[in-house]
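Input: one structure, supplied below.
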Amino acid sequence: MSGSRWTWRLVALPGVAWLSVFFLVAFYTVLAVAFGNQDTLSQPVPHWNPLDWNVGYVSEMLDNFWHGGPFWTVSLRTIQFVALAVLLSLLIGYPVAYFTAMHAGRWKGAILLALILPLWINYLMRMLAWINLLAPDGVGSDVLHSVGIEDLFLSIGLLDEPGGWLNGQPVTVILALLYGYIPFFILPLFVAIDRIDRRQIDAARDLGASPASAFFRVTLPLSWAGILAGAVLIALPMFGDYYTADLVSASTQTNMIGNQIDEFMRQGSEKVTGAALTLLLSTFLLALMFYYLRTTRRAGTAAEV
Amino acid sequence: MVQKPTGPGGLPLPRTDNSVTWAITDENKPVKDGGSPEPGPLRVFNYADYIDPATLKKFQKEFSTKVEVATYNSADEAIAKLSSGAVDFDLIMGLSGSNIVDLIAHRLLAPLNHSYLPNLEKNVWAELADPFYDRGSHYTVPYVVWMDGIGWRNDKVKEDIAGMDVPWDIFWQAQAYRGKVGILDDRRDALSMPMQRDAMHKGVRPDLNTEDEDVVNKAQADLSELSGICNPKVAITDYQTLPEGKTVLHHSWSGDVLAAAFYYLPEGTPPDVLSFWGPDENGVVQNDFFCIGKGTKRPVLAHSFINFMLDEKNAYDNFVNFNGYVPPQKGIDADVLLKQDLIPKTLESAVVRPDQFASNQELLQLSVTGQRFWDDAWSKFKAG
Amino acid sequence: MSVLRNPWGKPRFLAVMTGGYIIWSVLPVLIAIGFAFNDGRSRTTWQGFSTRWFTGETGSVLHDPALRDALGHTLLLAVICVAVATPLGVALALGLQRWRGRGSGTVNGLMLLPLVTPEIVMGVALLLLFLQVFGGIGLGTDAQAIGQITFTLSYVVVIVRGRLVSIGPEFEEAAADLGAPRRDQFFRVLLPLLAPAIVASAAVAFATSIDDFVVTQYLSSDASTTTVSMLLYSSARGAPTPALNAIATVNLMITLLTLAFAYLVYRRFAGRDEATAVATLEV
Amino acid sequence: MDGEIHLEELCKKFDDFVAVDGIDLYMPPGEFFTLLGPSGCGKTTTLRMVAGFERPTSGRILLDGSDVARVPPHQRNVNTVFQSYALFPHLDVAKNVAFGLKYHKLSKDERAKRVGEALELVDMTEFARRKADQLSGGQQQRVALARALVLRPRVLLLDEPLGALDAQLRKNLQVELKALQAELGITFVFVTHDQAEALTMSDRIAVMNGGRVEQAASPKAIYEEPDTVFVADFLGVSNLLGAKAMGPDGGACAVQVGDRTLRAQQGATEARGEVKVMIRPERIVVEPHANEGEQRMPGMVERSVYLGGAYEVHIRVLGGELLKAMVPNDGGAFATALEPGAAVSLHLPSDALRVLIQTEPEEPDEDAVSMAAAEAAQPPR
């Protein structure tokens, strides 16, 4: 269409300016603070010029990592929690997404609605719901007790005492993360499975594959992009989560990297340390993101996020 | 003469043996005498749930003005927000001696004019009407006092905690209450607790404002040990969780336990299931104060509010109807409360006595280096 | 033949699993909503039906100043967020869609970044920005609104661009061909065609703002800037009353009504598939 | 007369890709002019430049004598019927048709009258209140036509307007569209890749390839007297034989095909050297093997495809080239005897043989070739 090429750039300009200031400059501020210093009032003194950067705080933090300091402990725990929550999301989410896409029939619309619904319920409200349920006299506690899950968890040491779900149990935090984020995993997975051409599966069967082998050789590989997209989609925010662990546990044994950042940034007076930690977390997540993009691009299936 | 450590901005750090008088400078003078209260609204910055709405209502009615209360959840948060310059208030309450140097260093306060505060001399404990951290009460006037102690549910915890040689030991013997134990989510209070315990075992007086890295780290190690013993929650919601039974043993501020009894008990739970113990000496006592924001446009109204809160009746009502933190008023002590059947005997020791206040210690501002030892230890504890 | 394709045995097992999942994911919330109507103070023991926590004289959403103000502030932020993010996002979507060549790829990447940035990172970045660079704006309502706009902007752009792609350039060309000048090509043709997407994106921005927690918390200054989410966070750990459930319920109803409205508008004008795609956009 | 278009040295580049490579065309007023070619040949780009949607890289577009190359589309008195119709989905049929009238100074009544007339013209009066998406493809096409014609343009541009319709509807509309053009007497510029459609409707056809015009002439001339190998190949089934021209031979050209020398009376009879000789399948006469002599070549049947009215017989001639010939299904025994392996003799009349000089420096891209081949598979009507 006609029109000067500058017109459209001009139209985009306010939005671009907004994102530049409130995203790029904001992020640069994190860098400037993390590589900055503190004044005698413990307030950050950002170093805006990269040539003046003071690597002290960041290197101190890295040092802490290498030598198994508290940041190492917390990071390791965070990775464990996230990995377990993602794995459980896959184990529960795949059959659900698979059923909805392949076998739901006339219920598909209704089930889809039920899958979408949690996305739009306030995360904190969903946590609040579980806190009530898991209280020692809560309905959830009773149910878990009567169906024997409580005994099971007690016997394998995942739970300290009967009804003690909110006593600061790692397992409660992992299950809460699972509950909080799994809807965001199922939807992209559903979309990926739904997009698979059924005739390809029929073709596999026609060529002599058993149902199981048709699944493992055709359906699963074709939904791989969806699995990956869903996993990244929930892993990224989980790495920055602090409220889940705080709400359902508040024990130091379940604090995640987000809790440390929150502690430094919002509660305490160590903003420079907090900024350095934020920087390291972002770098890690950026690397994760790039790895993901490279994998999907190589597979020729750049997943839509 | 020993070189005393200095605090933020190179200012002196007040100690009981090193009292400080904060200068009143020409560029920041108190409001002149004889003014009348400005029209509102009075903008107040306070801890969440830290003043009785009824008291506020009364003030608003008496002065035909409005009060807007903004709240914060921790002193660190308040200092961070105030010193960022992002917020501005007429009156700040809830901060304590451990924040005074920050407040002065950041030039956040306006000096007081005592002609507007007749109740200060009339009602307040003598030692707090002229405290060592602010000689002459140039900038601050006390609001309430409290001490750190142990709050517990005597229907669930069977040990006679108050009768133990070192009651703090209960936390290290709390295997039975695993998951239902709480530690105050405040680095100074929490880390000073094992220091007190150590000192009590040794029969010495601890320095709870120590800047000795080894002492701080030892405290952190002791505290971290608790994770394995009773997996404590780190929280300041004991005034809600103790009455609900979500926790049964808590490292508590005395005021929170009284507040729990006054206000937060569920229907059907009698107040005498709550017990409190606090040390008579060598423990932690603290006091909060009122101060006036430097940028205030309503200095006389702000003074009026302070004076109103220092009125014995108002202080008493705010204390027993809501807050639970003891105002350092000459006319209010535990005996009065017991007689009026307002608190059960089990909570008698949660009402801080002047003699207790004198022989315990306040947690005070540290030097920047000292602060870092405590911060690092705390982050290590928090990392689990 | 579907049975043959299924490696899990009978689909009945899958059906049970899906049903179980849905119950697990939705029922706790329904129970929480139920307790908003509890007559007693407990959030775990049912003591009869009542709306006291919504409209009662004391401690209700309507009459407790803390709750009422939190709800009011939440809605205020949502309105500001929609009012700014929608036009800004629509313009950015149009610009990006038409701006071919140098720079557009970079801007596109920049626009998508907030969608994959964990909220705490954005919260920290914006907090430091407002403390170190924009001290003049400071923390509080303005900062909260700016923070929310920054990431809802991306949602608006993604939705509007999706619609732009499906519309294509030919309608504007047709208008030009029929004699419509630039202005009319935009206002008489493109804008009406984009309207459902704009409504949908505004609704998504509104709902996202209402449910936001981290950025809003990081940029808050004091109690007057407390939102419902922040209230849920700070109270859930203690011993709140069912009023907390009540305010969460009100919050949820506002969100769902907004989205249902947007879904219907979108479906009416742009077809069901696209509407479903928008509804799932938060992914 | 109004509606005359001259394209002069018209060029359009998209970055490095040359879509239209300096074409000169004359479109006389009141004619049905067709731009024909495979996809990617530049015909749509040419049309879009005339409409004003693309700005030429260089060259001139003269509309009734004035250069409009830099005039924006809404200021040109030409209108377009789009491939996808581009009816505004948020407006009903009448409002769609009335859309452009807003930019003409007309009274309300006059406007309504013009809309009514236009809808009547395309027989859509009863659908005036329907939304565009409630119409069938054919109806949409009519509305698009009415929407453009209501503005009384000097030139109507049609970008593959029948492409989305099924075969039967398409045939009917071809006739209607041609009739409409005759009735209105305005210039139609029609873009299509369908050679049959082009031949049926046009007064004049320009065959385009690779951004250039290969030949512009009447349908008959294009089909029967193609100037280039591409044109010959693109329009209908052609047999193209590699040959060596040996110069004029009394009004004809002697060409050597394999070991035979034939006389070709059509085309570049002056040529010498490597050429192509073309003959339409229906002009080849298949005779029994015994027939020898002038203009004849022996061959062997490879396939015989039954087409109903005729057989298309594929015959391999000496020298290896494969020719297609049409053998009428006249009920005789000869046609049915043409089974694979049968030896035959082909008669290639000299007045049906056309000498073409191979000018193309580059082959059309593969897609274009296969598309052209697909089109060519249909026998001309």
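A, B, C and D label the chains in the order they appear, each numbered from 1.
What we mean here is this: contacts are C-beta pairs under 8 Å (C-beta built on N, C-alpha and C of every residue); 3 or more make two chains touch, one makes a residue touch a chain.
On a predicted model such as this, the values are computed, not experimentally measured, just so you know.
Chemist: Along the graph of touching chains, what's the shortest path length in steps from chain B to chain D?
Modeler: Minimum step count, chain B to chain D: 2.
Chemist: Any chance you could name the chains that touch chain A and chain B both?
Modeler: Under the touch definition, chain A and chain B have C as mutual neighbours.
Chemist: Relative to the centroid of every protein C-alpha atom displayed, which chain's own C-alpha centroid is closest?
Modeler: Central by C-alpha mean position: chain C.
Chemist: Where centres are the averaged C-alpha coordinates, which chain has the largest centre distance to chain B?
Modeler: Between chain B and the rest, the longest centre separation is with D.
Chemist: Centroid from C-alpha atoms only, then distance chain A to chain D, rounded to Å. What do you get?
Modeler: 59
Chemist: Can you check how far apart chain C and chain D are, centre to centre, with Cα atoms defining each centre and the answer in Å?
Modeler: From the centre of chain C to the centre of chain D is 54 Å.
Chemist: So what's the Cα centroid distance for chain A and chain C, whole Å?
Modeler: Roughly 18 Å, centre to centre.
Chemist: So what's the Cα centroid distance for chain B and chain C, whole Å?
Modeler: Roughly 40 Å, centre to centre.
Chemist: Multi-chain contacts in chain A: which residues touch at least two other chains?
Modeler: In chain A, the residues touching two or more other chains are 1-2, 135, 250, 266, 271.
Chemist: For chain D, jot down the residues that touch at least 2 other chains.
Modeler: Residues 52-53, 72-73 of chain D touch two or more partner chains.
Chemist: Touching two or more other chains, which residues of chain C qualify?
Modeler: Those would be 131, 173, 176, 237.
Chemist: Note which residues of chain A are touching chain C in the complex, please.
Modeler: Those residues of chain A that touch chain C are 1-3, 5, 7-16, 18-20, 22-27, 29-30, 32-33, 44, 46, 92, 95-96, 98-100, 102-104, 111-112, 114-133, 135, 137-140, 179, 182-184, 187-188, 191, 201-202, 205, 211-212, 214-216, 219, 233, 236-237, 239-243, 246-247, 250, 258, 261-262, 265-266, 271, 274-275, 278, 281-282, 285, 289, 305.
Chemist: Quick one: in the complex, what on chain B touches chain C?
Modeler: The touching residues are 45, 48, 53, 68-73, 81, 84-87, 235, 237, 239-241, 243-244, 246, 264, 266-267.
Chemist: In their complex, what parts of chain A are in touch with chain B?
Modeler: 38, 40-43, 69-71, 73-74, 77, 135-136, 160-161, 164, 166-169, 249-255, 259-260, 263-264, 266-271, 273
Chemist: Where on chain C does chain D make contact in their complex?
Modeler: It is residues 170-171, 173-181, 184-185, 188-189, 192-193, 195, 269 of chain C that touch chain D.
Chemist: Spell out the part of chain C that touches chain B in their complex, as residue ranges.
Modeler: 40-42, 65, 130-131, 135, 138-140, 143, 221-224, 234, 237-240
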